[in-house]
Amino acid sequence: MNFASDNVTGAAPDILQAIVDANEGNLPSYGADPLTARMQQRLCQMFERDVAVFPVATGTAANALALSVLSPPWGTVFCHADSHIYTDECGAPELMTQGARLQPLPGPHGKLTPEVLAAALAEAPVGFVHGMQPAALSLTQATEAGTCYTVAEVAALTALARQHRLRVHMDGARFANAIAHLGCSPADVTWKAGVDILSLGATKNGALCAEAVIFFDPALAVDFGYRRKRAAQLFSKMRFVSAQFDAWLTDDRWLTLARHANAMAARLAAGLQALPGLRLRDPVEANELFLRMPDQVTDGLLAAGFQFYRWEGDVVRMVTAWNTSASDVDHLIQAAAELTKIT
Amino acid sequence: MNFASDNVTGAAPDILQAIVDANEGNLPSYGADPLTARMQQRLCQMFERDVAVFPVATGTAANALALSVLSPPWGTVFCHADSHIYTDECGAPELMTQGARLQPLPGPHGKLTPEVLAAALAEAPVGFVHGMQPAALSLTQATEAGTCYTVAEVAALTALARQHRLRVHMDGARFANAIAHLGCSPADVTWKAGVDILSLGATKNGALCAEAVIFFDPALAVDFGYRRKRAAQLFSKMRFVSAQFDAWLTDDRWLTLARHANAMAARLAAGLQALPGLRLRDPVEANELFLRMPDQVTDGLLAAGFQFYRWEGDVVRMVTAWNTSASDVDHLIQAAAELTKIT
Amino acid sequence: MNFASDNVTGAAPDILQAIVDANEGNLPSYGADPLTARMQQRLCQMFERDVAVFPVATGTAANALALSVLSPPWGTVFCHADSHIYTDECGAPELMTQGARLQPLPGPHGKLTPEVLAAALAEAPVGFVHGMQPAALSLTQATEAGTCYTVAEVAALTALARQHRLRVHMDGARFANAIAHLGCSPADVTWKAGVDILSLGATKNGALCAEAVIFFDPALAVDFGYRRKRAAQLFSKMRFVSAQFDAWLTDDRWLTLARHANAMAARLAAGLQALPGLRLRDPVEANELFLRMPDQVTDGLLAAGFQFYRWEGDVVRMVTAWNTSASDVDHLIQAAAELTKIT
Amino acid sequence: MNFASDNVTGAAPDILQAIVDANEGNLPSYGADPLTARMQQRLCQMFERDVAVFPVATGTAANALALSVLSPPWGTVFCHADSHIYTDECGAPELMTQGARLQPLPGPHGKLTPEVLAAALAEAPVGFVHGMQPAALSLTQATEAGTCYTVAEVAALTALARQHRLRVHMDGARFANAIAHLGCSPADVTWKAGVDILSLGATKNGALCAEAVIFFDPALAVDFGYRRKRAAQLFSKMRFVSAQFDAWLTDDRWLTLARHANAMAARLAAGLQALPGLRLRDPVEANELFLRMPDQVTDGLLAAGFQFYRWEGDVVRMVTAWNTSASDVDHLIQAAAELTKIT
């Protein structure tokens, strides 16, 4: 039973079927196919406005290329110290922005606060030719701590960003999980709340490989086709990525899948935090749990074949997904319960 | 009937099935799965030696990242003026090498010759601190003109390269078609003939999306994992790319698919060059035809719904693929024949 | 007697004296000093308009940073195949533009022609996302062949460039020599003729180290302060560079120095081309001679201690400077004359 | 009376004279002149071993290019949060390393400690392909807080660095001031203490413009000539930079100049800290003072024409130099004393 990550999963059946269906016949390459057009339409509907959409190969690509639009090479991008762009992309943002600097900021439960951002901006050397210039803010939704920014929280941060002439990026590798939790519309927490570009990920939520850069102001995307190609991120047989997005977006499937993952995380959290000695490090608002767990429980669960990560100290990370079963969750809880009883 | 490109096709049935089969269950991400291990083994068998294998998203990524290993930022990469890296990658090699220079060279039928390379090297400012330094040679196999380098031709070029301390890259987006034509082993025309790194593409030959960088000297790959991740080319659900390669490599399927595509190109060439006023620009040795065709034939075929590219002047390009049918080929030939009779 | 280059010279006396004079007292650093202000004023006068001026350390820096403003990383810069940016800057343009491509073009006597540029533009893949995009034209004035573009020639090239939405850079490492030859005003052959940015060099013409990027449209320079600093080209004690420019610009000293150098080149050319077997490869319009010379003369002059470069084949390059004496020129001519008589 | 920075000064008389003397005659360019050779010899003597020396235009250039040798683009460079490379170079290290990341660390009085470095290294994702890899340590000597690392402190930090396979860079923009304070040999606190590359600055200590990258292991410099040229940092008339270094190194002039600057700082510190309400933020070990000063004193001194920087809060920075006079120092002290008496 694998709780290591949401990327250990395969594709949801309907999404796999969409790939199979898309395999019929010859179609124009590089995105000039009808499936890509339909996918773009669906995304416009999802976001209630015209958006410019650029599928890419990985979430890292989406993030790094989005930032390349928002920051010059001498710019600073403010982000959470635990953000994927800072800790898990091996310098891709630095490569694609050609040298911009990520400035990691602290914040409880994986979230930046206006106070923290304001303090960083207060020290930024604006207009000082020797210093890198504040350029962008990057938020992760849902965060790396399994929490979600509320619409108001996003709006407060982007308002501050605007005052300082920063553009705003949102890393939405788990965007669906955030919407499932927030219950708002995708528009509410993105462009209506001041976000310029979204990295939208479906891979962790039921696709095989489907990531896209979404521009809420298509004018910002004027040269993005060149950026994407130059970054070697333009798929020749794009229809197969588009087909995944298309199926993911059909009948709110993305939301159904994400709700299931979130529900499994909640079930797991409820069961585990009821056990003696276990407590959550962060609220569980998406599909990730970070919890403090006694060593004997952690060791015992891993020995029993449950898969998850030791994170830091006595904290472990468990991730649920579109395909996590309630019985697997309950097995894990029960096993943990047994382990807590050993003396 | 689409002869526009070999990337307008879907996946061959067995390769699609492999994706479906790979969808079962949860597996480690980022290439730590058994399918990736098996694919690597198959590639070692294919090349008759230990190779280091790195799947990436696109052929452009494979080429650009391979070159980043072979050339410093102040290096020169010699390539054919029609090569994909020079004409069709929007600066990806320049991005990934961080500024190396591609030096385009002429050569008949898409092929470089030792004479042309020697002349370029004779003018290279070796050791002159003001000049960019010769670093690498990139060959395309099969070439952009639909021809193939013989083993002896490759060996002669790489020998010259070695004398001048250049490393050698091969762009094998249509490597299978080249092997199908040459009848040699993959090893013969790569590392045994002096090639250091191969970009191996399956996408044009029956896969959905399966490209890899192959290092014949694994020591050269020591830091390539970082390069790939930094370039945002590390798939999380890598098993689905590996599954395609695995199926492609099983039972010499890659060769069967390529032979078919080549045979269809040969059939098309034979039929068309027999018509009055049509003649091949280049020998047809893989799955591409470049032929001079009277305007009335070109116009007529396009009007009739046949898809292919006007290339330059009166030259058109037609590409066959693993799924091109003999009847489609014959239809096109017949239609062309009719058009040549109009006066 | 050294005819190897115009950078083997020291500073002209008045310019050296300006450095000595500038040494008095403490002054604000990084260009906030009165000498820098005065130098900027003088350059506005020289060019008959407001210009934005940025001193940098080398001509290579001026060129590469100028191009970084005019081309995106996926852009193509058209230049002469013999241009300094293409042959003598070891990839600095590629570094500063972050990967733009220099496309070398042929042209007689070091000069591009509208025909050559038009042919290159006709093949440029404008709007084709796979191809690098035409971005800029770079002209060298005086050229690397010791010739000068006329005002009409510059205007014809920039008009063509504008039609294709290219911006225009001029490498003026020997700009003074060009003006001395042309007899026009500096404005005539730069912004009035369609040039956007000029690399203006004084180092070869009497300074120790004085190079600057001149923007004819200051709005283009909006972020250039960051570019310069980031490229490590912002001198702390800038007054010493400014002092050199100031002295160079005072009383048309730059023109006097350049006229002398040109006159010495003309004298050398006249003397040498009168000798049997010697003939100029290019017209001598600035301070460089390229001439075909029999081996026995070349060998003999070098053996006698005259310094100059064998260029290619039987062509040699000789360069005169602000400090070349007529007697040195005559000595060389006489020595060559003697050598032509040996049988 | 200017205490704003040590770069508001001109050149020391002997160094200016060296420039004047170097102006005689024509000499080979790009460093192939006898003055450059002599300067290199003097630096070998200064450091008691063969060193490879590369003059560049600015301290920023020296730092950024040195780091480009020590870190791959996916590497992390550990440095103090107040270091020049982190706060004052506008991304030059990121440009020259092509994207490496500077990780700012805290530390008292501008100095890193083994504890702080060890903590950072303990969290570094060594071998984790998603994370940037620890590559180098950069120390500033004297520090940005006007303090100096002892030989033992440097050795302790570099020993830790070696254990983690980091290479070590030292930013020596004020290296002379550090040696003047420490009383050790230049070798003791550099290569003998584990430093790989030194940025050696003379500009702040009596030169006009003289900065160099010093490699203690010349093998590390094998391709540095290309790096320097490509970064547009190769002076054509290098003899004038070399002449400055030569004069600076003659008769231990560098040490005499630095001792004077340090003595003036000590005198200033002694006088000011004796005043009520003024106290040093950091020990004064070089030529910079950071002191807390009541607003009325700060305002009064600035109003009286003394030049220095408000740093942060009530802290001001005052810098002395080779040309600071004791009487200027005493004037400032006296003026401050008067201001403290106002009620």
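As written, the chains take the letters A, B, C and D, and residue 1 is the first residue of each chain.
What we mean here is this: contacts are C-beta pairs under 8 Å (C-beta built on N, C-alpha and C of every residue); 3 or more make two chains touch, one makes a residue touch a chain.
Here the structure is a predicted model, which means the values were calculated and not measured.
Chain pairs B-D and A-B differ in how many C-beta pairs they share in contact, with the greater number at A-B. When you average the Cα atoms of each chain and compare centres, the chain farthest from chain D turns out to be B.
Separating the CA-averaged centres of chain A and chain D is a span of 43 Å. Separating the CA-averaged centres of chain A and chain B is a span of 34 Å. Averaged C-alpha coordinates give centres for chain B and chain D that are 51 Å from one another.
Residue positions 30, 73-74, 89-91, 95, 98-99, 129-130, 226, 229-230, 234 of chain D each touch two or more of the other chains. Within the complex formed with chain D, the chain C residues making contact are 2, 4-5, 7-11, 16, 19-20, 22-30, 56-61, 64-65, 89-92, 95-96, 203-204, 208-209, 226, 229-237, 240, 323. Contact residues on chain C toward chain B in their complex (touch as defined above): 73-74, 87-91, 94-95, 98-102, 125, 129-132. Only residues 30, 72-74, 98-99, 129-130, 133, 223, 225-230, 234 of chain D touch chain B when the two sit together in their complex.
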